[in-house]
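Before anything else, here is the set of structures, which you'll find just below.
Consider the two complexes below, in which chain A is the common component and chain B and chain C are the respective partners.
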Partner chain A sequence: MNFDLSDEQREIKDTARQFFAARFKPEKVRDLAESRSYDDGLYGQMAELGWPGIAVAEADGGQDLGLVELAVTLEESGYACAPSPLMGSAGAALVISAAGSDEQRAEWLPRLASGEATGAFGGVSPDGQSTLFCDLPTADVAVVFDGDGALLAPASELDCEAAETIDATRSYATVVAAAGERMPGDADAGRDRLAVAISAELTGVGQRAMDMAVEYARERKQFDRPIGSYQAVSHRCATMLLAVEESRSLVYYASWAADAEPESLPMAAAMACARASEAAWETTASALQVFGGIGFTWEHDLQFWLKRSRVAGRMLGSPREHRDRVAALAGLGAGAPAGAVA
Partner chain B sequence: MDLSLTESEAAFRDEVRTWLQENHPGPSPEGDDQAEFEFRRSWQRKMHEAGWAGISWPQEYGGKGATLIEQAIFNEELARESVPAPANVLGLVMGGPVVIAQGTDDQKERWLEPILSGDEIWCQGFSEPESGSDLASLKARAVKSNGGWKVTGQKVWTTYAHEAKWCMLLARTDQDAPKHKGITYFILDMEQPGVEVRPLRQITGEAEFNEIFMEEAEVPDENVIGDVGGGWQVAITTLMFERAGLGAAAVMGLRRTLNDLIALVTERGLEDDPLVRQRVAEFQIGIEAMRLGALRTLTATMKTGIPGPEGSLGKWQWAKYNQAMTEMASEVAGPDGVKVGTETTYRFLRSRANSIEGGTTEVLQNIIAERVLGLPRLR
Partner chain C sequence: MKICCLVKEVPDAAVEKRIDPETKRLDRSGEKNLNPFDTHAIEAAMQVKEGGAPVEEIVAVTMGPDSAVRALHKAVALGADRSVHLTDAALEGSDVAATGYALAKVLEKESPDLVLLGQQSDDGECYTIGAVVADHLKMPSLTQVIKMDAADGKLTCERQAEYGYDTVEVELPAVISVGDAINEPRYPSLKAIMGAKKKPLDSHGAGDVGIEPDRVGQSGSRTAVLELRPPPQKEAGEIIEDEDTNETVEKIVVWLDERKLI
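Let's look at the complex of A and B:
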């Protein structure tokens, strides 16, 4: 038993950290957020590094690595709050890999993995309620969970409305009616793997907010002392660490289980998603309090992580819905459904 | 990253499980503290005879020499089979390891075997009425007197002092040195006229901890661990063993509490209550996060050799989730949740100490803020 990243996994994470730190400085994030756009050139570089297809099989044009490798990459993309179609594309590829027919795989996976096409995902319930789709309407192909499994549709064939959310670092849309070709494989496993990927990004979001808050608490002085020497502030920061480390443990475990112990995945994914989405919000909100008034301004960068946590944290349903699924899987009651269609 | 057990780890788990199932002592006697303690002592003796008592101790000292992972597996199995705790917990988890790490050959010869067999119970005399979280301010004073020391002062909250033969005692040997420098670590013989033990009744009604009054209690030179004036470092080592020992055993205990809670909720017909479901899920998630965090820490410790300050997170989580779960059980159980003598009431009351014993949650948060996050110190 060894619960640590391998040397190769650590290297992937370090490379991603450096890549995002160099190319997605806060000014760049702000520029892209203000124009609500992505930088195609930078996404091309990510694709060259193999990231969208990092967990896609070699036969489908991917890197053939595991969900752990994708998770650490997305953790770093969340740490930078990088605006890019990586989440939508890698996420869609996870579901197509798990559930797509041979034709669906052959048509989309090589193109998603190479960055030639981008992907999106979300859900529409039988009564027509849409979640926020990640990366619609900008993507080429979308995974649509409809309560019975998952459909695959070229984005052009989906009737959708762009949703201008508070998270300007990513495009979102709602879908008017589920459409597309049914994927015959294991859509539940695809959705669980996707939930882990989102949780990984959220863990990075929380980590960044904590790092920002801790740095500020060391520097900022009031009453002639650094504010971080006041326990109301330092214990707040310790609580952030608890939240971030709990999500990280659950995310790494779930991403390991996805490939190595699939029978544990449903519970592992539900726990990771519940904790990571809640923890990212808790941590970014708590960081705002540490910053005081400056943290509430449009000029301050914290807003990007705070808003990302709020929106990304509900892409596959709210923390409440994930917790309800955890309760059901823990043996409580008749096993109410996940609540969320996605 | 690989969380599955290796073949030899799985074989070890099976060996432990089989042994525990074949040798389980049955339910402990209830209502009589002394009978219960003797029951735990004979259970420890049985474990010792089979070589399990000193699971973490090196083989040359009568232990099992298990790796950290094997220790974690062992502790999980203990909790899974619901066996009682050994009588000499403090000796096994702290006293023995400290003697092994910092004691002389003679000290090892004298003390280790009776710790393992449970023949000599140990207690930890650190806290004083005026010195709890700020342990280094302790006042008990030891004065040199031919061939040894005479100790005068008071200790408090000393668990099992009323059963103990030996006490890990911190006392001040140099009044003029800075507070961390003037402390020496003694092993005090509790069976002498200069030592008086008075039981303290806890809010649970039982008397697990005590006050110790020392009036020129005698300690020979050969009972000093480490250097005179070097006691603080030895104390830190003790606390490190305490935290590591607690963390490993804690998770499975929490899991059992959660399983009991789920059964209780179902029995009371509350399994579809949305608020109940949300809270149970939070506990499930928190306990699992704690288990996984402990495994991450363990992997890191196997690489570096030293447990880091992150260990404080585990102690904090344990207190947080145990208190929340026992609170909910007490709420859901109806009258039984507050009636004297029920298991639910006992657990609910006993868990109130979790955020105090072994370092308060606030002090753990200070440690995390200062040593993990690098925030400025309070003073």
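Let's look at the complex of A and C:
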């Protein structure tokens, strides 16, 4: 059994790493975060490379690849903390692919896959409480989880309000009430795939925070020695590696399960989301400690990854809710599936 | 017109390079990638083709072990129509002269109108393979080309020199080594990545292209690495404290002037 990525998957990952490193340098991320905007030109380039439609079927205008290919791309997007509508669009496309009617698929998937339209997703609970919708204020179409499944609505038909969260690298909004046309298919499968996609991005966020911390620990000296040579720092870095690797392993497994063994996806997705959302926060918060005072400042770049991890890690519920779902699926408790958006 | 792009598999930029003390060769274990300088050559070929020149095909050519196939896949994902892999145990340990000879033998078989390559490899950094290949093929050669226009069987090239820029007209066929300022290589699309393995790849042994065994490999190389030493340590620099900016600027100007840098 081969647990490694295929040559093509590695090439997709390498290409994404190079693209994001060149196009979303920290100063670019800072510029976009400070203006709370996206660069349409850069998203156009991503669309030309086929990224929004990676996991969309060819018949729907996509690249007909799988969730593994999308996951490795989003991992690199998270590594760069790239402000772009890729997550909202690719995420919405995942749910529409899984749950949309033929008409809904025909109307939105080709446009999302080509980059002509952008997407968003979020949820409204039965008591009317809205989660943060990822990429909503700027999107053309939104997937709305409402507890009974998922609705699909042109963004212009949603009564929404832009939310200024701590994560300035991404657009968020809340909606006043669930609205849209019901998607008749398997919304749970769509949400599970979405959970894996978010987890992949969070894995990249954690990896970058760890890389930044390790590099700093090698360079920064105290008492004539790199601070990384002190156990208090090196153990912290080793724990970060553990968290990132656990996260990545669970994400890759869940991505594979989505394509090859769908019956394992609910458990795999819940495990991936539980660990990735917690690991990204643990890693970025731990990196903050390695950097000491400077890491806490607005001028230092680490804050972008720290805040992205906090907000993105709760988009589909808290780690505890995901763990409850794992327990429920394993028959170990009566917990309901992760509920913030369901 | 047929364009051949010479490409090479090199250790990934993230891999720390080290010399194997026994073989005195670069340790090539670890992650490998297509030489980033060669991506500029492929992009230049694509731009010649997309610029309207009658290009029938772009062929990526490499010499290297089995693993070099991955670099060829990357090359075709970036736009080459097919690839040629020269691989043979007899070629192992070839120096620049021997490698240039071997590549020239493959190119003789391909009969290209234009040979493009990057200015250097990211590992050996010799900057010379283009000149060696051109010498064997009896073709004109230019290095550090940063602008190139193809028309009427000729190339008009701008090349970077120590003193500025040369504009040179060269008759085809020719061997052109492009500088990394010539273009920004494109990123391979998903379709191109997924289709790379389906494009034709011809594999040749040394004998298939008429390579004489005594002119390649370690024994056929004209150079030998006798000894390796770390580079001498740099002398400590001079720190000029900025107590008075006008005075500091004067000191910097004097320092630069003494060294004929301004």
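Heads up, the rule we're going with is that the second predicted complex is superposed on the first by the 338 of 342 C-alpha atoms of A that agree within 3 Å, B and C clash if a C-alpha of one lies under 4 Å from a C-alpha of the other, contacts with A are read in each partner's own complex, and residues count from 1 in each chain.
Throughout what follows, contacts are C-beta pairs under 8 Å (C-beta built on N, C-alpha and C of every residue); 3 or more make two chains touch, one makes a residue touch a chain.
Given the structure is predicted, the values throughout are model-derived calculations rather than measurements.
Visitor: Which partner chains sit in contact with A:285 here, chain B, chain C, both or neither? Use first/second/both/neither.
Guide: neither
Visitor: Just checking: does A:65 make contact with chain B only, chain C only, both, or neither of them? Give me first, second, both or neither.
Guide: second
Visitor: Should A:14 be classified as contacting the first partner (chain B), the second (chain C), both, or neither?
Guide: Once the two structures are laid over each other on A, A:14 reaches chain C alone.
Visitor: So, does A:153 touch the first partner chain B, the second partner chain C, both, or neither?
Guide: Touch status of A:153: no partner.
Visitor: In this superposed model, does chain C or chain B come into contact with more residues of chain A?
Guide: Touching more residues of chain A than the other partner does is B.
Visitor: Classify the contacts of A:327 with the two partner chains as first (chain B alone), second (chain C alone), both, or neither.
Guide: So A:327 only meets chain B here.
Visitor: Quick one: classify A:163 as touching chain B (first), chain C (second), both or neither.
Guide: Neither partner.
Visitor: Could you say whether A:57 touches chain B, chain C, both of them, or neither, answering first, second, both or neither?
Guide: In the superposition, A:57 contacts neither chain B nor chain C.
Visitor: Does chain B (first) or chain C (second) touch A:252, or do both, or does neither?
Guide: First partner only, chain B.
Visitor: Let me test your reading of the model: by the given contact rule, A:106 touches which partner, first (chain B), second (chain C), both or neither?
Guide: A:106: touches no partner chain.
Visitor: Please report the chain A residues shared by its interface with chain B and its interface with chain C.
Guide: After superposing on chain A, no chain A residue contacts both chain B and chain C.
Visitor: Residues of chain C touching chain A in their complex?
Guide: Per the touch definition, chain C meets chain A at residues 33, 70, 73-74, 77, 187-191, 193-194, 196-197.
Visitor: Which chain A residues qualify as touching chain B in the complex?
Guide: By the definition above, chain A touches chain B via 1-6, 9, 68, 214, 217-218, 225-226, 228-229, 231, 233-235, 237-239, 241-242, 245-247, 249-250, 252-253, 256-257, 260-261, 271, 274-275, 320, 323-324, 326-328, 330-334, 336.
Visitor: Applying the document's contact rule, which stretches of chain B touch chain A when the two form their complex?
Guide: So the residues of chain B touching chain A come out as 1-6, 9, 69, 258, 262, 265-266, 271-272, 274, 276-278, 280-282, 284-286, 288-290, 292-293, 295-296, 298-300, 303, 310, 313, 316-317, 362, 364-366, 368-370, 372-378.
Visitor: Which chain A residues qualify as touching chain C in the complex?
Guide: 7-8, 11-12, 14-15, 18-19, 45, 48-51, 54, 63, 65, 69
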